[in-house]
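By written order: A, B, C and D. Residues from 1 in each chain.
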Amino acid sequence: MINIVIAGPRGRMGSEAVNMVLDEPAFNLVGCIDRKEHQIPALAERGIPVYQSAEECFYAVQADVLIDLTVQEASYQHLLMALRKKIRCVVGTTGFTDEQLEKIKSLAEDTNTGCIIAPNFAIGAILMMYFSKVAAKYFPDIEIIEKHHDQKIDAPSGTAVKTAEMIRSVRESKQQGHPNEVEVLEGARGADSDGIHIHSVRLPGLVAHQEVIFGGEGQLLSIKHDSMNRKSFMDGIKFSVNQVMNISGFVYGLENVLELE
Amino acid sequence: MINIVIAGPRGRMGSEAVNMVLDEPAFNLVGCIDRKEHQIPALAERGIPVYQSAEECFYAVQADVLIDLTVQEASYQHLLMALRKKIRCVVGTTGFTDEQLEKIKSLAEDTNTGCIIAPNFAIGAILMMYFSKVAAKYFPDIEIIEKHHDQKIDAPSGTAVKTAEMIRSVRESKQQGHPNEVEVLEGARGADSDGIHIHSVRLPGLVAHQEVIFGGEGQLLSIKHDSMNRKSFMDGIKFSVNQVMNISGFVYGLENVLELE
Amino acid sequence: MINIVIAGPRGRMGSEAVNMVLDEPAFNLVGCIDRKEHQIPALAERGIPVYQSAEECFYAVQADVLIDLTVQEASYQHLLMALRKKIRCVVGTTGFTDEQLEKIKSLAEDTNTGCIIAPNFAIGAILMMYFSKVAAKYFPDIEIIEKHHDQKIDAPSGTAVKTAEMIRSVRESKQQGHPNEVEVLEGARGADSDGIHIHSVRLPGLVAHQEVIFGGEGQLLSIKHDSMNRKSFMDGIKFSVNQVMNISGFVYGLENVLELE
Amino acid sequence: MINIVIAGPRGRMGSEAVNMVLDEPAFNLVGCIDRKEHQIPALAERGIPVYQSAEECFYAVQADVLIDLTVQEASYQHLLMALRKKIRCVVGTTGFTDEQLEKIKSLAEDTNTGCIIAPNFAIGAILMMYFSKVAAKYFPDIEIIEKHHDQKIDAPSGTAVKTAEMIRSVRESKQQGHPNEVEVLEGARGADSDGIHIHSVRLPGLVAHQEVIFGGEGQLLSIKHDSMNRKSFMDGIKFSVNQVMNISGFVYGLENVLELE
């Protein structure tokens, strides 16, 4: 049984994490940290205490793992306190400065305490990006189609941009398509990221989807990820909680915890 | 048994048409028209005569239907001659002037002779465009993804542009996506045709593919056509030969011969 | 402005319908019918009255349209009462007997009052089935892949079975695949419905999806519907409310209200 | 420049290999081995000699690599002869006995000569299977949809069966779907390979396609390979010719030559 504290239990990710931990037989939710609110009905009815500070929480309950899904500054303070008490950390917060990451890393290593920070806990998305990087070595002609609901402001998505970056690290720069290609309607060929074309589809009814297509003579290889809702992050958090029990020290990025061979 | 003459038997479409007619039990290939070459081995070994002019051909053999897959000027002359002899016509030639079309039309009507001219004989592509036009009445948020081999010069494809035009005829102008949408990488949102976004993918391994995606609250409807090779046009030609036996007068476009209800 | 009464406002469909009507500027929710509960917070705070019977409701408020999303027996009584008062009806209830349908039909016709009963209000699903029926005339080789979450008990889905039935009404019986086809693993070729093969995929992460694939020489035509949540039914209900204002008499099935040409 | 001999130049794979080697600037086709025919026009016009035996060929020309695309018995003899002369081998032949493979392996190792035997040279298919094996560690709910033209006799395809086997090596046995699942139409849920469901679609217009779908809470990961024609094998042969120059000894399976990290 792993004793868990969740920081940020009312957030969009945090509330899903509360459900996940309560549902998982091998996990035991011993408390939550929430700076603003003391009473959370779903927790109260199960007798799970909510503390307004990490200090108070770690003093009152015995935790093996802190799952932190708050914001940068609060999260940073929680991590320092947890690691000093040798409480392992699984962290979904983004926006840490390099100095903060450096400090967290040294502390995790000095205390021999496992700490996993990941900007993306959707295992499927991590695998899609990793497989794309491998495939790009053999199929340098690549296009990315990402599809999101029509309330999304930016195009392409952060995941598409990151996928193209990862591919660039193994693929030599290449202009794709016919050298004399002509856009009869401007923009038809999508965005160009070092020769990789990225297409952003926005429609009501879509959620969050990405397909990376590799073309070779007489064949196509496609790797697609569909994310339907926030539950898609829970498998990665659950996996990380189990993994953080077995590591000592600092890991950044879920891809560095997964066994990818 | 329908007696058929093919004009243009050595062309890319024409040579497929020869095979199709030879394979179809209800069709009888009685001759071909080829301005340049007299001897075509596949025809010679079956004893099928090749004539250098339509005049000569229609004088020598008894034809029910002329399948014309040549070029504009030649085709026009063949049609005039055929219709005057009350030989029905199935025509894949493009590029006729409005005057030529007008003349062909009157002649077909005056002689009560069936004549079908179609710029595209791929029934699947015709249905995709027709279904898209119907669906657009109920789902005004639409994006088109067309995919072709990377030797194609122009983007978007003619079929994508035509699909968008057909949709425009039933859909009020609409700007799709978030009003504050931002392209972090230029071109990501594709080409904009009256609010409909069109994305052109070009990769080796692709042939000719198009998907029209309709988004609504909580649902998506997608209509996709994949064309693997020129054989995809033969079903439409075969269908038109059978149809042209039952009509008198002129029809332009395969969609006007298909029973779409 | 259309004055609307909703019967069954607390059900899964009904609660979505309440939101839809409240959101639509041209609609005015004047009351609800709920046999069990008087107080519904979302309605109370907007001052929308809830009545325990249709009689009471139609006496108290002036309604143009009744949206009925209850169960068979209750719905039947509501419809009789509404039609007698010349209140138009849009009904999602299933399970009416033939006699009940007959009675509703005569009453709608006798009173010249529009009444639309539809077992499925997802316009996208209706179009998918309708388009499939048209395409089957030209492409008799057809396979259906339907995909649902892994909590679904029955396979294939009702929609897949209905799609195959609709196709059968226009397609001659045909055994597909190679005549000497061998299943090395039993079941590989899926279910066989008059030669049409149906494949049911069940996985966590899926919601409700169906693709109908038509194969021809050198081409494929695919029609796909993805339903992400119950909101997909609201477009069809909204559309029906607007349509029912313009018709007099009885219509069964959304496909008979849509303009499909 | 790599000097190459091709055995089996008139076969379906062999004739594509001849074209690939002639097109590749770094490759030099020095001769072919063909037991039956001496004169092959495409080779004759380029002055490339054809020999009726490997002995004769290796005596007459200086080869770095033998590409063998013949049948088992001939191929076995060619390999023994080539390895003894320290000519590297790239072999697509299948059906070797365990004893033959053992003998080839020892000979390659004893002579320090690179030898790659691969039953499948389509890099995309190899990657699909390898990625599926990795993904199965994290997503144990898996279904495979494979699609082929309707002239294929057996279902499921060999690739689908092999993919399921590879997955089984890393995934614990698991019954998928709802425990009370009911097939309303027999076969709907496809073939069951240790809980993995396999669906075989057969339609005209299809070539050779496979998709492996992984389902998790709120997400899907899909890996798809489309093979359009035999050219899809040429990239793998070209890659293997380059690799075999750098290895000494025996490798079975393209996956063991690819850099998969």
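Just so it is clear, contacts are C-beta pairs under 8 Å (C-beta built on N, C-alpha and C of every residue); 3 or more make two chains touch, one makes a residue touch a chain.
None of these values were measured; they are calculated from a predicted model.
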{"item": "Homomeric contact subunit B-subunit C: same or different residue positions, threshold half", "value": "same"}
{"item": "Angle, in degrees to the nearest 5, of the Cα rotation that carries subunit A onto subunit C", "value": "180"}
{"item": "Greatest separation from subunit A - chain, by CA centre", "value": "B"}
{"item": "Centre distance in Å when subunit B and subunit D are each reduced to the mean of their C-alpha atoms", "value": "38"}
{"item": "Euclidean distance of C-alpha centroids - subunit B vs subunit C, Å", "value": "36"}
{"item": "Subunit C and subunit D, separation of their C-alpha mean positions in angstrom", "value": "48"}
{"item": "In subunit C, residues with contacts to at least two other chains", "value": "205, 214, 216-220, 226, 228, 232"}
{"item": "Partner subunit C, residues of subunit A touching it in the complex", "value": "205, 207, 226, 228, 232"}
{"item": "Complex contacts: residues of subunit A adjacent to subunit B", "value": "141-143, 145, 150-156, 161, 176-178, 180-193, 197-206, 213-220"}
{"item": "Partner subunit A, residues of subunit D touching it in the complex", "value": "122-125, 127-128, 131, 134-135, 137-139, 214, 216-232, 234-235, 239, 258-261"}
